[in-house]
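Let me begin by handing over the structure; questions about it come next.
We just call them A, B, C, D and E in the order they show up, numbering each chain from 1.
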């Protein structure tokens, strides 16, 4: 198909889709309307179980099974990345040269790493109280580690990041979620039902029954998943060189820039 | 010299731990024993990470 | 309030989605296409949250407000969008890993050149 | 609608709007500066919104942005060091005025909040925001020159 | 007009999303995507969804740009080799 025909096809299809979508928008309940039956019920259920953050309650209590699905997608995506980005037989590892980063940047990186890690873990731990939770805090904590690559060099990052340990952590966290679910099945009523633990005092760390546990499991899974994911990409971009590919050192003199093709 | 080095390491981690623990207390809204315990643990993890990062950058 | 703000968020979601789809269809670089796909994903978040909004309401998070004192927006759509954001990012990563593989196997990331290679 | 939200609207419309335009056009050196400024301006806007909606919990958003925004700019500074070395960005005045805006907003909020734990949190956010953005700007204009490879 | 801030945030999202599609070079696009992430986070905040905004901030500000730029770096190295092989 030549580009011209394709553009026509895209234009026709896009126009049709746009017309349908706009027609649908005009029939939607108006923005800011007052009728949210599911939302009201979710808030009610969340308050009944002493979970201050209703969104966490929906994710880890009322729709915990759905979150299990999301976790599985995450796990599978990371697995796919690891397989796709693994080192093949015709590739070898070239050790990256130590980078010479300006001193204030390096100091900033060393300062921000623990602070960002603490913030990430704070966001995970208070997921059932204030805005945040395992998904957000996990990403923040994992990003914190990679400040070391930005502010120093890849070798420094590799020293604090044994990838194998994070792969194990990823798997363990996923199983922890499943085990909590099965525990609900054995000790209580149903898979992932929040009937096992006392609901605690409203707006404290231990409130919400199993919500904090599932939250922590997701936080650990996301953090480990992101670390493993970035490890694959960093290895490919920085270390792994295949035969014939010009080495970093040879190619460094001329950094081509592809101006908007 | 080994004991001196251990002492320095302990001091470094303890200093980070205290600073990060104080930061945790700034972040949280309600202070209760469980909150303090979790904060102490998390600050410990972050302090170890801080020391690990500094050593990784400086070379072992 | 006039009628326009009542559909504006939905129309913005439609616009963002269509813009992303146009970029996907006309992209000459697979990395750019993955970026366009994440624009399409953003449209879904905007649509979901727009459906859940309530005039003058606040977030359904009761760590700093007393329950029942202020109207709150719909938490269900927020929970959907929330997991979507992180999972969407990992899916983006998976697609980028595929792009790296394509570049390794065929030496190009231009979809048109890839079609020629196959045919 | 109160004064805080009005101020946030102004910061968003004028400041962040300008950075969107700056990041979409022009040479690479202007785009990276615009990206850095977008986080430097969005963070005060988030703080203003938190105050305007009377939700101290929203300050967490500004905290995360103040931490990760400069880290994002460092990503660009690090991985585009080769492209930026020949044509380093210079935007001292803009960066300083954005930092000044951030500091001003934090101070105004501190006065509004009064002495409490929330005040300390605001100060932490302010220090991270201003320090991070000044440093990210420094990294863009040559701080990563020795890190073109690796 | 209590909704002015929502309208402003919506327009910012629409403009930056359009820019993210219109900018064809992946490096420049990743810069626009980083700004789009921040603007989306602001929109989610004014739509009273701080959880989603936090998610978007965590992902959009550093993680997505890092992934995109690392891919660009890997692919560019390969492309350079290919151009040198077939002049």
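Everything below uses one rule, namely that a contact is a pair of C-beta atoms (placed from the backbone, for glycine too) under 8 Å apart; a residue touches a chain by one contact, two chains touch by 3 or more.
For clarity, every value in this text was computed on a predicted model and none was experimentally measured.
Note on connectivity: the fewest steps through touching chains from subunit B to subunit C is 2. Chain centre most remote from that of subunit B: C (centre = mean of CA atoms). Mean C-alpha positions place subunit B and subunit E at a centre distance of 34 Å.
Chain centres here are Cα means. That of subunit C falls 24 Å from that of subunit D. Subunit A and subunit C have centres, each the mean of its CA atoms, that are 15 Å apart. Those residues of subunit A in touch with two or more other chains are numbered 32, 53, 55, 109, 115, 119, 123, 126, 130-133, 135-136, 139-140, 143, 151, 203, 226, 229, 233, 236, 248, 257, 261. Touching two or more other chains at once are residues 28, 53, 55-58, 60-61, 63-64, 68, 71, 75, 83 of subunit D.
In subunit E, 2-3, 22-25, 27-28, 30, 48, 50-51, 53-55, 57-59, 62-63, 66-67, 70-71, 73-74, 78, 81 are the positions where the chain touches two or more neighbouring chains simultaneously.
Of all possible chain pairs, the ones that touch are A-B, A-C, A-D, A-E, B-D, C-D, C-E, D-E.
Residue ranges on subunit A touching subunit C, taken from their complex, read 3, 6-7, 10, 14, 17-18, 21-22, 25-26, 28-34, 36, 38-39, 42-43, 46-47, 52-55, 57-59, 63, 66-67, 70, 73-74, 77-78, 80-81, 84-85, 126, 129-131, 133, 135-136, 138-139, 202-203, 222, 225-226, 229, 232-233, 236, 242, 261. Residue ranges of subunit E in contact with subunit C, taken from their complex: 2-3, 6-7, 10-11, 13-14, 17-18, 20-22, 24-26, 29-30, 33, 36, 40, 43-44, 47-52, 55-56, 58-59, 63-64, 67-68, 71-72, 74-75, 78-79, 81-82. The residues of subunit D lying in touch with subunit C in their complex are 53, 55-58.
Against subunit E, in their complex, subunit C makes its touches with residues 1, 5, 8-9, 12, 15-16, 19-20, 22-23, 27-29, 31-32, 34-36, 38-39, 42-43, 45-46, 49-50, 52-53, 55-59, 61, 72-73, 78-79, 81-82, 85-86, 88-89, 92-93, 96, 99-100, 103-104, 107-109. Note for the complex: subunit A touches subunit D at residues 96-102, 104-105, 108-109, 112, 115-116, 119, 123, 130-132, 136, 140, 143, 147, 149-151, 153-154, 238, 248-249, 252, 255, 257.
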